[in-house]
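For reference, the structure I am asking about is given below.
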Amino acid sequence: MATAPVKSFQYALHVPYAHTDQMRVVYYANYLVYFEMARAAMLREVGLPYAELEQKGLSLPVIEAHCVYKAPGRYDDELKVVSRCSIEGPRLRVTYEVSRGATVIVRGYTVHVGLSADGKIRRALPELRRLVE
Amino acid sequence: MATAPVKSFQYALHVPYAHTDQMRVVYYANYLVYFEMARAAMLREVGLPYAELEQKGLSLPVIEAHCVYKAPGRYDDELKVVSRCSIEGPRLRVTYEVSRGATVIVRGYTVHVGLSADGKIRRALPELRRLVE
Amino acid sequence: MATAPVKSFQYALHVPYAHTDQMRVVYYANYLVYFEMARAAMLREVGLPYAELEQKGLSLPVIEAHCVYKAPGRYDDELKVVSRCSIEGPRLRVTYEVSRGATVIVRGYTVHVGLSADGKIRRALPELRRLVE
Amino acid sequence: MATAPVKSFQYALHVPYAHTDQMRVVYYANYLVYFEMARAAMLREVGLPYAELEQKGLSLPVIEAHCVYKAPGRYDDELKVVSRCSIEGPRLRVTYEVSRGATVIVRGYTVHVGLSADGKIRRALPELRRLVE
C-alpha cells in the first residue's frame, strides 16, 4: 500500500470450546470477536484504551466488516492476530491476519467511523495517529 | 410449590449452528440465552415488554442462575421452553424447562431483583403480578 | 443483477438482550449469526434442512463474509432478513438485507463452497437449485 | 471444605465489548464462558490440555452449572478467575470466583461427569488427580 513500513500489532488468544461448532472448527462469526479483541489490545498498547476514548467522547462504531476464511481454526489453537491501521478523515480501517503458526486462518478488515459524544461524525482522528506512525 | 396451578408460558426456538460446539451439542452457556429469550417472550405476552419496563425505570438484573443438563440439545432442534414465575418482595424467580418433544434437555432457574431507575432495590413488583395471576 | 426475478426468502427474529452491547446496539458479529439463521430457515423452506444435507454428505462451509452496517439494530427489535441466492459451480453466494420496518440495518453476503463427505470440493450443487429456481 | 488447603488456579482475561450488554455490564451467560476458559487453562497448567483428554477418549460434559452475581463486570475489566476442584467417583466439581481487584463479581460452580470414548460414564477419574493434589 505504501513504501514506508506500516506499523503492526500482535495479539494472541486461545480458542475456547464456546467458539467451536459441530464442524469442529471456529464458528465464522467469532473471528469478528477476535478482530475486536485485537483492536482493543492495539489501542491499549498505544496508550488509548477504548474505554477511555469513549469516556472522552470518541466512539468508533464499525460500518463495514469483511472476512476471508482460508483454513479452519480449531479448539485450543493458539491464534495470533496481526493488525494494521490506516486513517483517512473520520475513518479508521483495520486489517487483520489471523494465523496458527505459519498457517493463515482468516484475513479480514473492519472500517470504523469516528463519532463525537453528540453522535456527529468527526472530521479527523488526530488522537489515533499513534496507530499508524 | 402451591396447590393452585401456576401460570406457565411457552417459547419455541430453532438451535442455530452458532450455538453448537465440537461435541455436536448446544454449548452449555447458550441455555442462559434461551432462558432470556423465553423471559422476554413471556413479558411481551403479558403486555410488559422488557424494553418498556426499562424505559419506565424498572430493570431486573439477574442475581442467580442455575442449570441442570439432562440431555444434549442438537443443531436445528426445535426446542420448547416452559417458564413459570414466582415473586417475593423485590425478587422475581423464573424456572425453565427446555425440551425437545418429550425429552427434557435442561431444567434451570434465574433469580432477578427489581431496581428502580436510580439503581435502588424496589420493595415490591406489583406491575409484574400478571406473570403469576 | 439479472432481468429474471430472483427468488427471495424472509426470516424474522427478535433481538435478544444477549446480542446488545454497551453502545445499546446489536454487536456487529451477531449479524453473521442472523445470516446463518436466515440461511437455515431458507433451506428448511425449500425442503433441504442443513442438518439433512450434512447427513447426506454435503457441507457448505463459509469462505467469505461481508457486512455493511447502515443503521443500528436495538434490543427487542423485530428484524426481518431477506435472503437471495446465486450458485456457480461449487459456490453458493447468499446476499442478505436486514431491516426493521422500512429501515435497512445491515446488508451483507456470505460465500460458501460445497464439500462432499470426504472433504473434497464439489463440482456443482444441483440439489440446491431450488434456492434459485 | 477440608482442613488441608485446596489447590487453586488463576486465570486472567480482559472483557471484550462483545460480552457487554446495554446495561453496560457483562451479559450473564458469558461468565459460563469465563468458567470454561479458566477450566481449560487449569487443565493446560497441570499438563492435561482438554483437547488431549478428548483425543485419549475422556470427555467431561457439564451436568450442572450455577452462578451467583455479586457485582457487575464491565467492558475492558481485567477479571481474575480462581478455580478449585474436587473429584468424587466419575464427577469433577469446579468452583470459580471471578473478581476485579478486591471486588468479587461472580461466584459459581460447574459439575462434570467423565465419559469414555463410547459415551459410557467412567467409574473414576484418576488422571485428573493432579487437579486436587
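We just call them A, B, C and D in the order they show up, numbering each chain from 1.
The rule is short, and it goes like this: a residue touches a chain if its C-beta (ideal position, glycine included) is under 8 Å from a C-beta of that chain, and two chains touch if they have at least 3 such contacts.
Owing to the predicted nature of the structure, the values given are computational and were not obtained by experimental measurement.
**Q** Touching both chain C and chain D, which chains are there?
**A** A chain counts here if it touches both chain C and chain D, which gives A, B.
**Q** Would you mind checking which chain's C-alpha centre is most distant from the centre of chain D?
**A** The most remote chain is C.
**Q** Of the pairs B-C and A-B, which shows more C-beta pairs in contact?
**A** Between B-C and A-B, the larger count of C-beta pairs in contact belongs to B-C.
**Q** Taking the mean of the CA coordinates per chain, how far is chain B from chain C in Å?
**A** 28
**Q** Averaged over CA atoms, how far is the centre of chain B from the centre of chain D? Could you give it in whole Å?
**A** About 24 Å separates the centre of chain B from that of chain D.
**Q** Taking each chain's centre as the mean of its CA atoms, how far is chain A from chain B in angstrom?
**A** The computed centroid separation for chain A versus chain B comes out at 34 Å.
**Q** Could you tell me which residues belong to chain B and also touch two or more other chains?
**A** Within chain B, the residues that touch at least two other chains are 17-18, 29, 33, 36, 75.
**Q** Which residues of chain D touch chain C in their complex?
**A** That would be residues 17-18, 20-22, 24, 27, 29, 75 of chain D.
**Q** Report the residues of chain B in contact with chain C in the complex, numbered from low to high.
**A** Touching chain C: residues 14, 16-18, 33, 36-37, 40-41, 49-51, 75-76 of chain B.
**Q** List the residues on chain C that touch chain A in their complex, please.
**A** That would be residues 23, 25, 28-30, 32-33, 36, 59, 61-69, 72 of chain C.
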